[in-house]
Amino acid sequence: MDKVDSQAGKNVIDSLGGLSEDIGKYIIEFAFGDIYERDILDFKQREMITITSLLTQGDTAPQLRVHINGSLNVGLSREQIIETFIQAIPYVGFPKVLNAVTIAKEVFKARDDK
Amino acid sequence: MDKVDSQAGKNVIDSLGGLSEDIGKYIIEFAFGDIYERDILDFKQREMITITSLLTQGDTAPQLRVHINGSLNVGLSREQIIETFIQAIPYVGFPKVLNAVTIAKEVFKARDDK
Amino acid sequence: MDKVDSQAGKNVIDSLGGLSEDIGKYIIEFAFGDIYERDILDFKQREMITITSLLTQGDTAPQLRVHINGSLNVGLSREQIIETFIQAIPYVGFPKVLNAVTIAKEVFKARDDK
Amino acid sequence: MDKVDSQAGKNVIDSLGGLSEDIGKYIIEFAFGDIYERDILDFKQREMITITSLLTQGDTAPQLRVHINGSLNVGLSREQIIETFIQAIPYVGFPKVLNAVTIAKEVFKARDDK
Amino acid sequence: MDKVDSQAGKNVIDSLGGLSEDIGKYIIEFAFGDIYERDILDFKQREMITITSLLTQGDTAPQLRVHINGSLNVGLSREQIIETFIQAIPYVGFPKVLNAVTIAKEVFKARDDK
Amino acid sequence: MDKVDSQAGKNVIDSLGGLSEDIGKYIIEFAFGDIYERDILDFKQREMITITSLLTQGDTAPQLRVHINGSLNVGLSREQIIETFIQAIPYVGFPKVLNAVTIAKEVFKARDDK
């Protein structure tokens, strides 16, 4: 597992706060181990798919925060992330896209403030 | 509008069967005109985002059919399409991914049978 | 209960096929009895809300069929029904609206063919 | 665009915080320009459809806030807004309706406190 | 109505803050009266179904809080509640499960702090 | 893996039709291996959770068919399955419950016809 993705994974698992170590284990082994490590698509494409899926299902603010950071970590630009959200407008409508842009703004600002 | 996308757009609009020409006009002008013609992402990335969003929201079999064809038309491989669906498993679970794979199978078979 | 709504309710209950009479009873008593019989909104407004909610949640083809018929029965025009779906485009995107239009076309055709 | 709707639109666009002026432009041009300006339904009906769609999809608190205000601005009464939510109960269940009522309470109180 | 369920019901109704007493009445009469009082399934099974449905639809944090408390009140253990969420992973993916676990942690902590 | 669950798993995997053996492998290993084999909940409880989650998310007819059969195979009665769906009414509304009941009817009839 690449150290950038590993960080994204750790952030999610830390949010579990030790309540269920098994869920954290499944995320590490299945989501980041089995799935992210596959061929055919690179990390940029995988993160683009992930943030699209999170945006589309809604009620995923904490996960979008992790994976917008993850998207930047694997090399997607801020413009590409926002453009990914814009591409979703005809398929999901404006509200979910606006919610995702709001979270992206917070993530971008937090990185600028560091 | 590229002729490949134009075909995908026409398929959707034909399915409206003349009932509401305005919806067809909005799809042509807004979805395929304003959004697809933007910079920053290429057509392959845009179709990858589109099929991810359709898979995630569910109940989109006709649109997935159009855009799996569209994905192939703009140059995504069958392996990349299936891999896009696999990447979504940790975020949406198996049922929606299985539904999308079922439609992809139909699309691939229809193209082989031509 | 107005005879038009009663017909819409019977259609749904018939689809239960006697498997669970209790669900049918709850639909009659709660949905059509308690809710539809309330003041403040008229039947046209209530059906407009209902078809919007069904369109938005997706995977509701049988219920949309019942309530597009119900909408016509209580006095909404075909143009108002399609316009209701068009108003939803910015909030849900095109796929769900196209699905609802497809069902409306079937309902309109079935009534023309009678 | 009516000045009341214009205000509702501006609220949404301000929330974009300058990050993506294009999304704001699409909302102004497509959602408020193309769609709201159409015939057949009036602004009260359009807002009733909008808040029903937002309630039904969930995770739309900021947009519901804008459009509950918009609903009042175009002439829907508080009772009609709450009654719209009640009409949705049989189709979406209680949780989403309770969430929408909670936001309506906040909006009503904010207007009373002015 | 069992006093434990009555408490869960009261919590929801109090959150309505008197705005719409009718919604509270429907929750008491229909959800807790008609449905919870039926035979065939016991309260533990009913709460397990309820928290699964709330987790799956998303954007139900306040209702999950009420029904995780309700689950404990009718005798489900903390381990059974977390295990219910884990069983949902293959069907809904990790994000919704992580959201539900986060709320469960808050509920468990609030009960420990009393 | 119990032979009853194994059959349910095989049905899903067969539906993949050899297109992506990896998805089938993940279902076997992760969904049926890792998750179903855990302690704390028994197979009846796990199937009850599964059909509730499938009903709630919608657009899962093929998976509901597999898991209504699976529910019967591990010992849930037809009455308990229908009652599970009824318990979901206050949380998801009638349409999704009616869809699930329709599929249950088909499954029950197919078993009676054998």
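Per-chain residue numbering starts at 1, and chain names A, B, C, D, E and F are given in the order in which the chains are listed.
Everything below uses one rule, namely that a residue touches a chain if its C-beta (ideal position, glycine included) is under 8 Å from a C-beta of that chain, and two chains touch if they have at least 3 such contacts.
Values in this document were obtained by computation on a predicted structure and should not be read as measured data.
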Both-way neighbours, i.e. chains that touch subunit C and touch subunit B: A, D, E, F
Same-site or different-site touching of subunit D by its copy subunit E, using the half cut: different
Rotation angle (°) superposing Cα atoms of subunit B on subunit F, nearest 5: 120
Interface copy of B-E among B-C, D-F or A-D, judged by whether over half of the contact pairs recur: D-F
Separation of mean Cα positions, subunit E and subunit A [Å, integer]: 28
Gap in Å, rounded to a whole number, between the CA centres of subunit D and subunit C: 22
Chain centre separation in whole Å, for subunit C relative to subunit A (CA means): 38
Multi-chain contact sites of subunit A, meaning residues that touch two or more partners: 22, 26-27, 30-31, 38, 54, 57-59, 63, 86, 89-92, 94-95
Subunit E-touching residues of subunit F, taken from the complex the two chains share: 27, 30-31, 35, 38, 40-41, 45-46, 48-50, 52-57, 63, 79-80, 83-84, 86-92
List of subunit C residues in touch with subunit E within their complex: 22, 26, 30, 34, 38
Subunit E residues within the subunit B interface of the complex: 89-95
Residue ranges of subunit C touching subunit F (in the complex, touch as defined): 12, 15-17, 19-20, 22-23, 26-27, 31, 54, 57-60, 62-63
Interface residues, subunit A side, partner subunit D - complex: 58-59, 82, 85-86, 89, 94-99, 101-102, 104-105, 108
